[in-house]
Structures are given as structure tokens and as C-alpha cells.
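Each of the two complexes below includes subunit A, the first together with subunit B, the second together with subunit C.
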Partner chain A sequence: VTTRIVRTVREFEGTSVDVVVLVDDSDEGLGEWPVDAALSVVGRSQSRVDGPVKVSGRARYTVDLALPGMLHAAALRSPVAGGKVAHLDLEGARTAPGVRAVLGPDDAIGSGSVRALFTELEYVGQPIAVLAADTPAQADSALAAFALRVEPGWFSVDLMRSLYDQRFVSEPIEEARGDSEAALARSDVTVALELETPAQLQTAFEPHAALADWRPDGLTVYLSTQSMFWARAELARALGIAQDEIRVVSEYVGGGFGGKLGAGWEPLVAAELSRRAGRPVRVANNRHDEQLTGGHRAWQRQTVRLGASREGRLTAIEHDTVAAMGVTPRPVPFRMVPMTLYRCDAVTARTFPVKLNLRGVNAFRAPGAVEATTAFEQAMDELAAALEIDPLQLRRINHADTDQRTGKPYSRKALLACYDRAAELAGWADREALRADRADGLLRGMGCASQIWGGGGGPPAQATVRLGGDGAATVVTGVQDPGTGTLTAVRTVAAEELGIPIERIRVRGGDTVPNLIGPAAGGSQTTGSIMPAVRQAAIKVRTKLLDLAAERFELAPADLEVRDGRLRSRDRVLDEPYTVVLAELGDSTLEAAGARLPNITDASINTFGCQIAQVVVDPGLGTVVVERIVAVHDVGRIINPLTATSQVEGGILQSLGFALCEERVLDPTLGAPTNSTLDDYKLPTIADVPEIVIDFVGAPDLSANATGAKGLGEPPAIPTCAAIANAFAHATGRRCTALPLTPKRVLECLA
Partner chain B sequence: MEYARAGSLDEALLLLERAGASALAGGTDLAGQIDRGLAAPELIVDISTVGLEEITPTDDGGLMIGATVTLARLASATELASYAAIATAAGLTASPLLRNQGTIGGNLCQRTRCWYYRGLEWNCWLAGGDTCYAQIGEHSKHNLQPGDCISAHPSDMAPALAACAATVIARSTAGERELAVLDLYRRPSQDNRSLLALRPGELLTHVRLPAPPEASTYRRLGERRAFSFPLVSVAAARHGDRITVAATGVANVPVALDPTDPLRDLPGNPQTGWKRRALHTLVQRATDDVG
Partner chain C sequence: MRVEIGVNGQTHAFDVEPGRRLSSLLRDELGLTGTKVVCGEGACGACAVLLDGIAVNSCLVMAGMADGRSVVTIEGLGRDGLTPVQEAFVKEDALQCGFCTPGQIISATALLADNAHPSREDIRRAMAGNLCRCGAYPKIERAILAAAGS
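After this line comes the complex of A and B, so read on.
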């Protein structure tokens, strides 16, 4: 076995980075699942490995865990959006009943390189101090003993005011190709659209939570996270200890949606409190604090200007995004959609990252792309109307055959097939008849939107497969499964290659200790990263199994196969249970590791799709009901249709909430959100769920990886809101300049 | 905080005479009030087993509904088949879980959902503070009448019961009185911020329905298709050639509306004005339903 260094690229949330990977030659030459491969497990619906324990309430999430002697933390948070701490009685808190440890703003956390507690206050909810006590009630009661007094200061939660003040959290960015200004001036037709989109809160059902147990032999952190390994690296840096001294465990994660990427605040203070108290410490948000500080999609105002020829070819694109970033900078792919969705030679996309007195923006399911698509695809419909061209046809005319940013070809792209299939499933040809039927006084309409995103994944991603003498196999990976179905897909891939019954395969993830590096559950990168590694490990174990069988039955390995749990010779003379050769192993196991191979560098790996929404609007009440969403996506091979469709449904629902009802509201007087509860922050309910029709088109993307599968976590969330807004405009002839489409906005828009 | 399960109505009324006593039925609003520091009862008097869970016919062809009858039961009660507005309102309130727990008495006595009133960050006028933060802040879901407080009443049941000419019976150790449903409410004043006209120690024990109207209906606008307090809701009932209309979501308290001029005295403001259009539509549709 030899190992070599390979330079490759890896895309994460719209940004490609160069990475160096070690390639073990045993991972090469294992072939691929060709487009027409006769797969017997992959591509068929497999039920969730964690379904029974979750449905029966036996899955133990981080918030459910308790360790002997565990202390409960409570955080003292800023009541003001601007100002400073005038008085804080740390000693009072230390002597409050049950309190075992207190951290104030001046106490170093770990190496002291990261600040987690503050005296200069920049947003409501910002942590000032934290304590750990014997019971949750003692911890909450002890907060009063801090006797906090603040000196309120200036703040702004007004997006446009801060823009006029040029108050940026990082430098504005302009990305351009060609001269869009001149091209706009020369265009036959131009349209402009302004749109305000709200801050949407991830609202994971399990709040941010960490349970830290710092012992002399190392630190264990149970963490509700989408990225165990990022968390481990961040904690090691912040605490000044080696990564190998830290174990991060994330067995069950109650949702993340981007808000749980990275270590976050909770494990940092939990670890430091545990170190000081010598006891395990639990830090978990209540719902109010989760909605206040858990993160959000950036509140934005966008301006889109499009120019086109009479035939409908885009000649110019200008797309400006003013984004409320909060108090900390963060790279968000705001410009990916205008730069790459359609073919156009003159594009300018600008981002204005405004500083407001709010917690910094974090990732939220296709950050930037959901919002940009919502504005950009509405402008495309305005252009279609101005040109009197069918909206889907306008999108076909402007199809980009190559990556408009890099000039590279796409590894695969079946967007045109998505349009055709979606139109067929939605009855697009009848949309004007649908609109014309107003017998019941309601307004109906249909709208579409396109989707582009990454999701190819890449190295490093590692897996091991063990097959024991009892015939049971275990797959170990470094992934966490925040409800996405990742571990179920891992099991599916392993079953395909091992050829043994899927029930005999256990999957393990959610723990850094095996030290098998896996991807963060973000950027839709998990499937494309880990599945090839699992496949390779499983192939190697199957090869060992067949080698043993060949020796025992005195046949050539090439004449043997294992399938459906049977070991067979090609001539079918031999047909035995696969366990027949394993029984001799005793306590030994057949074991192998697999690792993700490098990405190709001469093509862009992306995912595509089209959704069509059908809505009905009540002009007297301002209600918008989504009757149906057709979602057709091109994400390569589908490993498990059951969990794949579940991901699409979830993405659609989350963006249906963005379109219709989800919106953080800020009080101008205090700068605090007014709706930090689940009764005021309106998520869609099951009654709001439309008929959802899902299909996948496009062949396996074998240029992306040997399984041909790409990511699906984010793509379905991207076009939904735009499609709904376009359907609303089709139904009413009006376009709301702000989302979500609440009864108030709709009635004002239709007035 | 003490808890006492009353064994009889008389025992409950005695316990409720104590200062700091609060009645507990379904608890779906009381628990939220305690959680948010809006209520800090010293004594919780559980009235779930004092015999207020019956629906009984009255001699005049109406019904007597005990205060602890759940909304789920009201939504499906055969006795309410002739009171469509009431059954519909009960079935549209909150969610199935809350309807199984919440009671008709609790629904009528619940407090406003104004987010400044409920929010931890503000000490608003209605809660005893000096400022109505809603009026200088985000109040697009608030009411259409100017005043010291612009919170909107959230009860689905109140307008439905009012349109059907229901009364409520309030009892204390001092005796019993009967009020029209809308008289259960008062606009808050500088001296008394309560929205309820109940006196200290008084418990709402029953809702009395007269004989059913010829027709009744309930229509609402929510923020989503289920599990939402009404933004605006309207009930209408036809009694002979007279149509009565009541609404919630448009004033501090549930109000009766003149069906020929429903927007009178409800001017709204730039943030809430949109509710006038919704109210107009709901009144039109509701009166059409019973017309």
C-alpha cells in the first residue's frame, strides 16, 4: 500500500477551496456504480435506522443526557442592544445557593484566545456571565444575585439607517464580469425589482446544548452539533489543549439547519465551568434564548436589475444585496445565484454587509441562495412578463451550459430535464386556465423557480467496515446525523456492496473517538463525501469474504459473488449462506477502511432543480394557501428514495415558512425581538403543508464520485419561496415588495 | 406557591377568597402567565373536580355549559349542533392538544397575546408599567381603537357566544350574578388594568345559552391555517329578522358590531389599518352565511 499527496478542490456553500489530501492506492481502482448498474439495495427505499428509537422517544439527544454530579448552567444575558455593564456582582452569584462555579467577563476561558462573555454590550441576549449550580432552578434563581446594572447606549436595528451610515461589519464586496451598466443601457428590455426578506430563525426542536465533562484524562463534550470535527478543532484552539484530548459525541441531534455548524458558545463555557467545578456541566438554551441567540438567516434588502434582448437573452444582470449581518462578519454566498444561475456576459453582484445590533448571522439551509433566488427569480418572472415569454421558456433560453464564474463545464447538469418534468407534473400548460377560473372569488396562480447549489462534497471522509464471525457488520464513520438520514444512507451503501441483509448491518457515527474524519452536515456535502468512502470500505471487506470463500471451496474469487446474504458461484453449484465462511473466524473480523478520493478539478460539481408552486389567494382576507408544490431536482443518484423525498419535503416546508409566515420582528425601542416564542414565531403547521410532488431526474454523476450521488439537504429549500412568490404574482397581478406574504402585506399589496 | 384541589364548588369559592389565589382549570394560559412572570399566584385552586364539566339543557330550550367543559368537547358536542358558531369557534381554537386541555371558562378569561405584554424584555402599561411599547413599536397585529393599551383580545369563543346571546354566571361566596358575555370584559383604565369585569373572589362557573338562533356562523383570519390566535374573527347569528355580529381581534375586548356599519369606531392606524379590510370581509361573509 502506498500513499501519495494530491491537490484537489472542495466546494462548501458556494466557495471552492484548494485542499491537499492523502490518497491510499488501495482506495483506487475499485470502480464505480455505472449509470445502468443493477443495484439491489441502493435506489430502493430503506427505513430509517434511527426511526424506531426516535418515534418511541428512546433516542437520547444531548438535552436528554445526565451524568452523575452534573451541574446546570444559566446565562446572564444583555437586556440592551447597546451599552455596557455598569455593575455586576460576581461574588454575590458565587455565594448564591447551590452555585458551584461562576464565569464573568474577565475570567479567561481556556487559553483566553476566545471571548465568550462581554461587558461592552452589542445586542440583546449577548452573554455577560454564566454560572453552574446543583439544580436548574438554583441556576436560574442565582442570576438575580449578579445584580446586573447596565448603562444603555446607542444602537441600531434599522437596516437602511445603518446602510446610510455606512456601518458595515466587513468591507462591501463587488463581483463582476463584463460591463453590466453599459449592457443594461443597451438592452432592448429592462426590469427592476426590489425586495425585502426577513430574518428567519432555524428553530431546531432541540436547542443549542452541550454537556461537558472535563476529567484529568481529557474532556468529553456531548454536543448538539452538525460538525463534530469542526467543534473539536475549535475547542482545542480555544481551550489550548490537543484535539486528541477532546472527545465530541453527537449521537442524536434534534435538527440544526445550519445553526449548529461549528462549536458555538455552549461547549466553550460548559468546558470551562466543568474544569473549574470539577463536575460535568450542562449548558442548554431554553426556547426564548434559543430564538434570541440561536442564529438566523440574514434580513435583507435586494435590488435586481435585468436587461435582455427581444428574444429573451439576458444581456445584463445587476444584483445588490444589503444584508443585516449582526455584529460579527461571516462569508455568505449571496452572489452565487446572480453570478451562475443563467448565461450572461455582463453581471455585477454587490454585497453590503451591514452591521446591526443583533447576534451575528450564521448559516441557515442554503444561506444566501434561498434569499438571492427569491429576489432574482421574481425578477426573471418580471422579465418574462415584459417580454411576453413563458417564464419557463425564458429560463430555458438562458440556460448556462458552463459554469459562468469559472468557464468550466459542469460534471453533469440536467436542469433542462428538470424544467420539462416539473412542467409536466404541474400541468404548467394549463396555468392560464387555472388563473382564469375565479368563480369562487379566489385568485389562483402558478409560478416556477430554478435552483443551483453545490453539494459535491469531497475529501477528507473516512469509514471502516467490520464483518464479524456472527455475520453482523458494523460501519463506523465520522458523520453526525441531524435528522437528515445520513446514517440510513450509509447503511444502504454498505448493504449494497457487502451483499448481506441490511438488518445485519449496524452503523455508527456521532463520535470523534474512532478518529475517522467526516464532513460537517452542511453545504449539502455529506452524501457526496462519505458514501464513496463507505462503499470502498465495504468492497474491500467483501473482497476479503470472497477470498476466504474461494480458499475454502477451492474456487477462484472471481467466480464467486455474495448477494442477498447468499454466497454463490457463478455456475450456482455453490449456494450457501454468507455466514458459512465467517463461522471459522471466531473473534476475528474482516475489516477494511475506505477514504473519499479527490475531486476532479476540470469541471464544476453542482446540483440543480426546478420547483413549481400553485397557490390560491383570498383577496378579501389576504391569505395565501399553497395548494401544491412540484419539486424536480437533479442531484445525481438517489441512494435512498425514502429519506431523499423526506429531505425535499422538509426543505420545501422550511421555505414555505419563509414565504408565508416566518419572520423575526424587532422592537425599535429596545432592539429586542418581539417574537422569541413558538406561539409568536409562526412556523408552518401540518395544516399548511401542500400536496408535494417530487421527482428526481438526471443520471448518476460519476464525475463527482464513484457512487454518482450528490447532496440534497439544501437544494430543495432554494427555489420554493421564489416559486410561491411568482405564483402569487401570477394569481394577483401584483408583486409584494416584502416577504413573508402575511395577510397584512397581501391586503396592503392588493389595495 | 401552594396547590389545592377543591372538592366542591363551595370549597373552591372559599379558597378563591384568599389573597393571591388563582383558579386552575386547563392551565393552558395560567402556566404561560406564570412562566412569563405575569402571574405569581400564592395559591392555585384546581377547579377541575368541582362539578363544572357538564353540558345540561335548560327549561327555555337553551344550554348551561360548565366552565371546565373542554374546547374539544364543545367542538364535537351534539348538544351544540344548533349553535354552529360556538362549535366552529371551539374547533378552530389553538391545536388539538390545547383543545383537549383548554376549557370554555379559561378561553373567555385568557389574557391578551400582545408580545410586549407577554415579552420578558418589556414592562408594559397593561402589566403595570408606564408605557405602551406597542404604540411606539411593532403593532400590526394589535387593535383598531386608540387607547392607553392597544392589545387585541384573542378569544375565539367570546364573539361566538356573544352573537348567540350567551350570558356567563359569576359566583363568589357573596353570591351569584349573571352577565352578558361582552359585559364580562372592560377596557383597562389607569386605576384598574384588568380586562375582566370579575370581582375579587369571583369565579366564572357557567356559560348559559338561550334557545339557539335560527342560524349562526363563525369566521376567522389566522396567521396560518391552524394553531394560531385569530388576527380578526367574526361571529354572526340570526335571531328572527335581526342579525347580531360580534368580533375579536379589533379592540381590547370582544365587541358587538353593527352589521350595517361594522367599521364604526374602529379607525385603525397605519400599522393596523389592514385589519379593517379583513374585518369588512369577515362581516360580509358571516352575515351572508346567516342571511
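After this line comes the complex of A and C, so read on.
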């Protein structure tokens, strides 16, 4: 076995990252699943591997875990959006009943390189101090013993005022090709659109939570995270200990949606409290704190200007985004949509990352792209109206054959097929008939939107497969499954290559031990990263099984196959259960590892799609009901249709919430969110669910990886809101300048 | 105060402060962590349990209110295997992260006990108090229809 070093790239949320990969030659030459491969397990619906344990209430999430001697933490948080701590009685808290450890702003956490507690207060909910006590009630009660007094200070939660004040959290960015200003002036037709989109809260139902147990031989952290390995690396840096001294366990994760990438605050303080108290410490947000500090999609104001020729070719694009970033900078792919969605030679996209006295923005399912698509695709519909061109036809005319940013070809792109199929499923040709006056006085309309995103994944990602003498196999990975169905897909891929019944395959993830690196569950990169590694490991184990059988039956390995649990010779003379050759293994196992191979660098790997929404608006009540969403996406091969459609439905429904009801409301005089509970932060319910029609088009993307499968977590969330807003405009002839489309806004818009 | 509550067929006695919630008794005293607390204010249904056969949000039930009554949690359903509702949830993939799932199944069980053949509209009305952030709703509806055999 030899290893060589390959430099490649992987994309994460619109950003290309250079990666050095150690390629083991045993991982190469294992072929691929051709476009027309006759697969017997992959592509057929498999029920979720963790379904039975979840429906019976036996799945233990981080918040459900208890260790002997465990302490419970409570955090003292800033009640003001600006100011400083005037008085804090740490000693009082230390001597409160049941309290075992206290951390204040001056206490070093780990190596002291990271600040987790603050005296200069910049947003409501910012942590000031934290303590750990014997019971949750004692911990909560002891917070009063801090006797906190604050000196309120200046703050701003006003997006436009902070923009005028040039108060940025990082430098504004301008990305351009060509001269959009000149091109706009020369265009036959121009349109402009302004739109305000709200802060949307991830609202994972399991809050951010950590249980840390720091012992002399190392630190174990049970963590509700989407990225165990990022969390481990972050903790190692912050705490000043080696990564191998830390074990992160995330067996069941109650949702994340981007808000649980990285370690976050909770495990950091849990670990330090555990070190000081010598006992395990549990830190878990209550719902109010989760809604306050768990994160959000950035509140934004966008301006889009488009220019086109009379034939409908885009001649100029200008797209400005003013984004409320909160108090900390973060790279968000705000410009991906204007720069790459359509063919255009003169584009300027600007990002103004405004600093406001709010918790810093974090990732939320296709961050930047959901919001940008919502504005940009509405401008495209305005352009279609100005040109009197069918909106889908306008999108076809401006199809980008190559990556407009890099000039590279796409590995595969079936967006045109998405348009055709979505139009067919939605009855697009008859959309004008929807607008006919009806006796019920309701207004109906249909709108579309396109989707572009990454999702190719890449190295590093590792897996091992073990097949024992009893015929049972175990696949071990370092991925976490926050409800995505990843581990079920892992099992499906392994079953395909091992040729044994899927029920005989166990899958493991959610643990950084035994150090099999897996991707974060973010950026739609899990499938494209881990599935090829699992496939390679399974092929190697199958090869060993066939070698064993060849030796036993005195046949050539090439004359043997294992499928549906049967070992067969090509001539069918041999046809035995696969276990027949395993029985003599005894305690030995057939075992192999697989590692994701490098990405190609001469093409862009992306996902595409089109959604069409049909809505009905009550002009008297201002209500908007989404009747149907047609979603057609091109994400390569679908490994498990059952869980894939669940991902699509989930993405659509979160963005339906973004379109219709979800909005963090701020009190401008206090700088505090006024709806940090589920009673008044409105999530869609089952009664809001439209008919959802799903299809996948496009062939497996074998340039992306040997399975041909790409990510699907984020793509379906991207075009939904734009399609709904376009359907609303089609129905009413008006466009709301702010979302969500609440009855109040709709009535104002229609007045 | 002292309360006696039947939980999954067994009577448990507790000495509790009056403000103690049933959800906390189940989770913290009995280790029945299948009952989830998400909003803590009766807005999401994740903590639903059957109280004398009626689905209630256990975060809004004080311990004293449950005194002398009988509670069935998710762990108490189908102790000899999965119930038809649980099986249908698995088969139809009516769950993603799974955190709201116990509450969904309790509410669906109560619905079907009350109305063996609910229409789609019946399901939407009965289940609207059970939020699911992952958006498993379409398949929850399908699973309940499947469990009802309609």
C-alpha cells in the first residue's frame, strides 16, 4: 500500500477551501456506479435505521443524559443591548445553596484564549457569568445571588441607522465582473426591487446543550452538535489540550439546521466548570435562552437592479445586501446567487455587513442563498413582467452553461430539465386561468424560482466496515445524523456493495472515537463526502469475502458474486448463503477502511432545482395559503428516496415559515427580541402544509464522486420563499416590500 | 406534598413541591426521558402524555393535578413491540430528528382512540398543537392515515 499527497478543493457554503488529502492507493480503481447501474438497494426506499428507537422514546439526546454526580449549570445573561456590568457578586453566587462552581468574566476558561463571559455588554442574552449546582432549581435560584447591576449604554438595533453610521462588523465587500453601471444604463429594459427579509430563528427542538465530564485521563463531551470534529478541534484550541484527549459524543441530535455548527459556548463552559468542580456538568438552554442566543438567519435589506435586452437576455445585474450581522463577523455566501445563478457579463454584488447589538449571525440552512434567492428571483419576475415574457422562459433564456464566477464547466447541470418537469407537474401552462375571477373572491396565483447551491462534499471522510463470523456487519463513521437520514443512507450504500441483507448491517456514528474523520452536517456536504468512503470500504470487505469463498470452493474470485445474501458462482452451480464461508472465521473479522478521494478541480460541482408555488390570497383578511409546492431538484443519484423526500419537505416547510410567519421582532427601545418563545415566534403547523409534489431529475454526477450522489439538505429550502412571493404577486398584482407575508403586511400591500 | 401517580401501569409516590410539573417528574424522577420538553409553555406538544387516556401537555400539568390519576408516556405504549401508530411512523418516515416524535405519537394515539378513521382535516385539526421543526408533517399525516387503515 502506498500513499500519495494530493491537493484539491472542497466547497463549503459557497466558499472554496484548499484541502490536502493523503490518498491510499487501495482506495483507487474501485470503479463507480455507472449512470445506468443495476443497483438493488440504493435508490429504493429504506426506513430510517434509528426509527424504532426514536418512536419508542428510547433515543437519548444530549439533554436526556445524566451521569452520576452531575451538576446543572445556569447562565447569567445580559438584560441590556448595550452597557457594562456595574456590580457582580461572584462570592455571593459561590456560597449560594448547592453551588459547586462559578465562572465570572475574569476567570480564564481553559488556556484563556477564548472569551466566553463578558462585562462589556453588546446584546441582550450575552453571557456574563455561569454557575453549576446540585440541582437545576438550585442553579436557577442562585443566579439572583450574583446581584447583577448593569450600567446601560448606547446601542443600535436599527439596520439602516447603523448603515448610515457606517457601523460594520467587517469590511463591506464588492464582487464584480464587467461594468454593471454602464451596462445597466445601456439596457433596453431595467427593473429594480427592494426587499426586507426578517431574522429567522433555527429553533431546533433540542436546544444547544452539552454535558462535560473532565477526568484526569481526558475530557468527554456529550454535545448536541452538527459537527463533532469541528467541536473537538475548537475545544482543544480553547482548552489548551490535545484533540486526542477529547471525545465528543453526539449520538442523537434534536435538529440543528445550521445553528449547531462548531462547538459553541455550551461545551466550553461545561468543560471548565467540570474541571473546577471535579464532576460532570450539564449546560442546556431553556427555550427562551435558545430563541435569544441560539442563532438566526440575518435580517437583511436587499436592492436588486436588473437590465436586459428586449429578447430577455440579462445585460446587467446589481445586487446590494445590507445584512444585520450582530456583533461578530462571519462569512456568509450572500453573493453566490447574483454572481452565478444566470448568465450575465456585467454583475456587481455588494455586501454591507452591519454591526448591530444582537447575537452574531450563524448558519441557517443555505445561509445567504435563501435570502438572496428570495429577492433576486422576485426581481427576475418583475423583469419577466416588464418584458412580457413567461417567467420560466426568461430563466431558460438566461441559463448559465458554465460557472459564471470561475468560467469552469459544471460537472453536471440539469436545471433546464428541472424547469420542464416542474412546469409539467404544476400545470404551469394553465397558470393564467388561476387568476380568473371566482365567486369566492379569493385571489390565486402561481410563481416559480430557481435554485443553485453547492453540495459536492469532499475529503476528508473515512469509514470502516467489519463483517464478522456471525454474518453481521458494522459500518463505523464519524458522521452525526441530526435527522437527515445520513446513517440510513450509509447503511444503504454498505448493503449495496456487501450484498448482504440490510438488516444484518449496523451503522455507527455520532462519536469522535475511533477517530474516523467525518464531515460536518452542514453545507449539504455529508452525502457526497461520506458515501464514497463507505462504498470503498464495503467493496474491499466484499472482495475479502469473495477471496475467502474462492479459496474454500476452489473457484476464481472473479467467478463469484454476493448478492441478496447469497454467494453464487457465475454459472450458478454454487449458490449458498453468504454466511457459509464466514462460519470458520471464528473471532476473526473481515475488515477494511475507505477514505473519500480528492475532488476534481477542473469543474464546479453544484446542485440545482426549480420550485413552483400556488397560493390563494384572501384580500379581505390578508391571509396567504400555499396550496401546492412542486419541487424538482437535480442533486445527482438519490440513495434513499424515502428520506430524500423528507429532506425536501422539511426544507420547503422551513422556508414556507420564512415566507409566511417566522420573524424575530425587536423592541427598538430595549434592543430585545419580544418573541423568544414558541407561543409568539410562529412556526408552521401541520395545518399549514400544502400539497408537496417532489421529483428528482438529472443523472448521477459521476464527476462529483463514484456514487454520483450530492447533498440535498439545503437545496430544497432555497427557492421556496421566492416562489411563494412570486405566486403572491401573480395573484394580487402587488409585491410586498417586506417579509414574512403576514396578514398585516398583506393588507397594507393590497390597500 | 405527597402525590401518587400511576405511570405506565405502576404506581409511584412522590414528595414534591406544589409547583412541580408532571413533565419534570417523569423525566427527572423516573428517568422517562422519552417525554420531551421543548417550549415549556404548552405551545408545541412535545411533552404530550396520556392522562387518564386524554392527551395533555405534561409541562402544563402540575404534579398535584395528576394525583391519583394514571399517566401513559411514550415508553408505556407498545411494551411488547411497536404499536401500529409507531410502526406507521417508522414505515412512512414520519420523523426526522425525532425530538418531537414521542409527542406526535401520543397525540396521534389519542386521536385514533377517539376517531378510528380520521379524515385529513380531522388529522390537521387534532395534530396542529404538535409542532415539528424538521417539517415531517406530510408524512405524519400519511402515517396516521396508514395506522387508521384508511
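Keep in mind that, in the parts below, the second predicted complex is superposed on the first by the 750 of 751 C-alpha atoms of A that agree within 3 Å, B and C clash if a C-alpha of one lies under 4 Å from a C-alpha of the other, contacts with A are read in each partner's own complex, and residues count from 1 in each chain.
To be clear about the criterion, a contact is a pair of C-beta atoms (placed from the backbone, for glycine too) under 8 Å apart; a residue touches a chain by one contact, two chains touch by 3 or more.
Please read all numbers here as calculations on a predicted model, not as lab measurements.
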Partner chain in contact with A:255 - subunit B first, subunit C second, else both or neither: second
Touching partner for A:469 - first (subunit B), second (subunit C), both, neither: neither
Touching partner for A:178 - first (subunit B), second (subunit C), both, neither: neither
Contacts of A:661 with subunit B and subunit C, given as first, second, both or neither: first
Touched partner set for A:652, first subunit B, second subunit C, both or neither: second
Touched partner set for A:409, first subunit B, second subunit C, both or neither: neither
Partner chain in contact with A:679 - subunit B first, subunit C second, else both or neither: both
Touching partner for A:621 - first (subunit B), second (subunit C), both, neither: first
Subunit B versus subunit C as contact partner of A:56, first or second or both or neither: second
Most subunit A residues touched (candidates subunit B, subunit C): C
Common ground on subunit A, meaning residues reached by subunit C in one complex and by subunit B in the other: 677, 679, 684-687
Residues of subunit C touching subunit A in the complex: 27-28, 31-36, 38-41, 43-44, 46, 73-75, 77-78, 82, 86, 89-91, 93, 95-102, 105, 123-125, 127-141
Interfacial residue positions of subunit A with respect to subunit C in the complex: 47-48, 50-52, 54-61, 64, 66, 136, 203-206, 252-255, 257, 286-287, 482-485, 642-643, 645-647, 649-654, 677-679, 683-687, 689, 692
Subunit B to subunit A touching residues, read off their complex: 95, 113, 115-116, 118-122, 133, 136-138, 140, 221, 223-229, 231, 274-275, 277-278, 280-282, 284-285
Contact set on subunit A toward subunit B in their complex: 79, 124, 288, 620-623, 625, 660-661, 665-670, 672, 674-677, 679-680, 682, 684-688, 742-744, 747-748, 751
